[in-house]
């Protein structure tokens, strides 16, 4: 006699309230026991209509809304938007402003990466690195608060300049922070990176090959984790990035295959070190002379008609801003489209979460480092 | 390759019926713009395939797909970049407003899948042969396409007030 | 005869007290230890001062400095919470599950030898009893996961069952080595065999049984102890083996749907299980109530033996917490691999080593 | 002699109230539930520098069944509002809600053109304490929790019995 045991797939709903979906993402997992057969992401739980707002507000008023898009890296978002508008209006920003932008941008990149690898550790189950890293993040917040007046959403980088000037004291504090940060980062690095369990959990998990990464629009640390040496700061330099000497860490599959979760994680740790290098060089190059409001346009009444696609490197990758301007006296953009790096990176989830275990889905999600504010906009 | 060369190559392959025209900066009434090529919307699928797999073009990266409401027409804008050849181009496919259909590129670039879904969600532009043609950001029962210029905010959605009573009709449309 | 009866009564009472206090102390310790590891302060403002203020209704005392009353407040609050039984749950099993988990854990307390005169139930198969009764809890966990009609709960319960059933094996085998050396299952006699200097502890071999030649067991016993400790982490669902209730994966695992006091009971049972697990480690490997220095034991200071025992257990519990706040979590298949591919072969090896020793060297 | 007179003035009830309220207010477990930008500040409040654990609000439970406090941290969109309501309903009594940040207070910057943003979380669930700011600083959230503690301290079992 033949016995047949029929098993059924289980549909598990992960999110929108779940500790490790990094906000309000919902994943519908079809599982066979612990093994995920299919994963369907559902977005839009934080869709805040950024693009609609852009069509109703004038150029300067949009900047605070870009803050709230990727709220972990507000400075870089401000910057990305300003680059697009400056390109549209043909504004060349003074060198002092550019230096300031580089410094705050890189500081914010570090703060963002801290959250990225901190929460990644949290997803894997290591609590302590997250909290240790948070202490450093608070120090960055102190610096940025002193420069801009706000703790998290800065509205600091304006079209044609920056909002507030800094003094020599601030530069000194920043320098001090750079020196203090290196040992602190090493501490987290030692605690987590080569931990046997951590490596077991992340190496060879969620492997994204070069071709897949490019096809699915991976950018930034995720793309570099897949072994592609590509960084807009080096390959399409904007601002002053040609002046600085820094390396681009690329994933090499040290613990497993190229493009696994561990690679994506270690890239972020290494990028923090490179960012510190850039800040230190910028602190030496900056001079406090000069007016920061020199090139800030008085009004937006004479916009050229046209369109611009400008991209820059935020901590999550290439942020592209596509602006269409009607020209003439309209001070509001006709259309703004944001190509958000996290949105594009997330689209791979459906593809690589087949046949992995539930715990791996968490690891993959953590390693891709999404910010839902930016995914849903 | 320069935009002109790309344009010529495409024209040679697909003919004038599908590849309409090339616009360079400060042409056709634009003060500032990236060079772009207007194409026939339904030709997008085969065009994308050619753009990616041709050895000289090799547009492996699809940076961005955006919808634009041109009032009379709806437009889909593709920003493409080639990481191996280091050149870029912008492709525009303009579709009629009453029945906007554009050929999908989701089979060519993985990322296009979601970007096109977003364009459908926001503009109501249909993508022919798209593998997963659903809304992405809004719920399925949401009415209208928010980023169209003539979109009127709903008063209620599932019993929740979307537009407060005192402000009904004042916002949501651009005049 | 009367004397023994009195002592048994007292020890039973003390054990009941211990049962209720262990959980509360462990939770408080956990919070403070985690805070210490993470550069925080932990509970501060909720001290007994604030409780006193609440009772008299005036702000007379200082609110608190190190938050000693924190766990008490948690418990009292959980008592006040609404008791929800989810729709579609199997009500009987849902309500029974916490009791089984709790009962299984705390029945094990009965056989713990706190001191020579302090064994509530001195049964001659003590070790066997504890192992049997403490693995009873897994039934409750499976019940909880199944009955709450929640997929996360069910997954957590299944993981937990697989984990506990597998880890029973290395635990059992590693403890059999000790049983072979001692020739008894009575916990009290095992501890008595380890009295005297600390090198008599089983952690350092079988010196107390066979004199200097027992030293050849030292490496094996060390391995045995490590394996037992690791497995007891897994048995009690602690990090890095806390996959049944992995917060970042399974929301809260098998107790996802439990509210208020029922949830608190799970929590208390978890800490109780940690206590029992480490208490066995102390009893079998670390000399139980013996201080390791004969003079101190012979001084007969009243009450010092249980104190030594509990201190040793809490030192081990500290290590458990230390591990939790340092290490990431394993994946479920890696956990099984660890058990079946490494721990069980190792324990079997030590088992044979001890057998050979027992046959040829004694 | 009415019943509520005894219950409200009695020494025993005030003491019992005091102790029960002390327990409730000293151990507020928030739900680990973040929506947007404010959630990051909520994390910062729980992390090393501000350390909410000092006041007993340490345990961020992932399951709504074990929480006392729901911190609505961030923009509540239409799509999410349904879920927020359900999460609130899943929490056991006594439960409290802190609305953190302008977005959940009233829609914040998304009031005017945000077709997908709920104009204030109090339209779907009752809110105990509003914390203004965009996003509020961690100190502000702590202050919000203190205000909630004051509110809890005024609760009494007597009223419940009478009503």
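Each chain carries a letter (A, B, C and D) given by its place in the written order, and its residues are counted from 1.
In the analysis below, a residue touches a chain if its C-beta (ideal position, glycine included) is under 8 Å from a C-beta of that chain, and two chains touch if they have at least 3 such contacts.
Being a predicted model, the structure only gives us computed values, none of them experimental.
The fewest steps needed to get from chain B to chain C, moving only between touching chains, is 2.
Comparing chain pairs A-B and A-C, the larger number of C-beta contacts belongs to A-B.
For the pair chain A and chain B, the distance between C-alpha centroids works out to 25 Å.
With each centre defined as the average position of its C-alpha atoms, the distance from chain A to chain C rounds to 44 Å.
Averaged Cα coordinates give chain A a centre that lies 31 Å from the centre of chain D. One finds 35 Å separating the Cα centroids of chain C and chain D.
Chain contacts: chain C has residues 38-40, 247, 251 touching two or more partner chains.
Shared interface positions of chain A, defined as residues touching 2 or more other chains, are 18-19, 44, 47, 49, 52, 56, 131-132, 135. Shared contact sites, meaning residues of chain B that touch two or more other chains, fall at 137-139, 146. Chain contact topology: the protein chains form a pattern that is neither a line, a ring, a star nor a complete graph.
Chains touching one another form the pairs A-B, A-C, A-D, B-D, C-D.
Interface residues of chain A, counted against chain B in their complex, comprise 43-44, 47, 49, 51-52, 55-56, 87-88, 90, 212, 214-217, 228, 230, 235, 304-309, 311, 318, 320, 322, 324-325, 327, 334-335, 337, 339, 343-344, 346-348, 351, 376. The touching residues of chain A, counted against chain D in their complex, run 16-19, 23-24, 44-49, 52-53, 56-57, 64-65, 68, 71-72, 115, 130-132, 134-135, 137-138, 151-153, 372-373. Taken in their complex, chain C has these residues touching chain D: 31, 35, 38-46, 50-51, 53-57, 67, 69-70, 72-77, 79-84, 247, 251-252, 255-260, 263. Contact residues of chain B toward chain D in the complex are 137-139, 146, 151, 153-154, 157-158, 160-164, 167, 171-172.
Considering their complex, residues 34, 37-40, 151-152, 155, 158-159, 239-240, 242-243, 246-251, 325-334 of chain C touch chain A.
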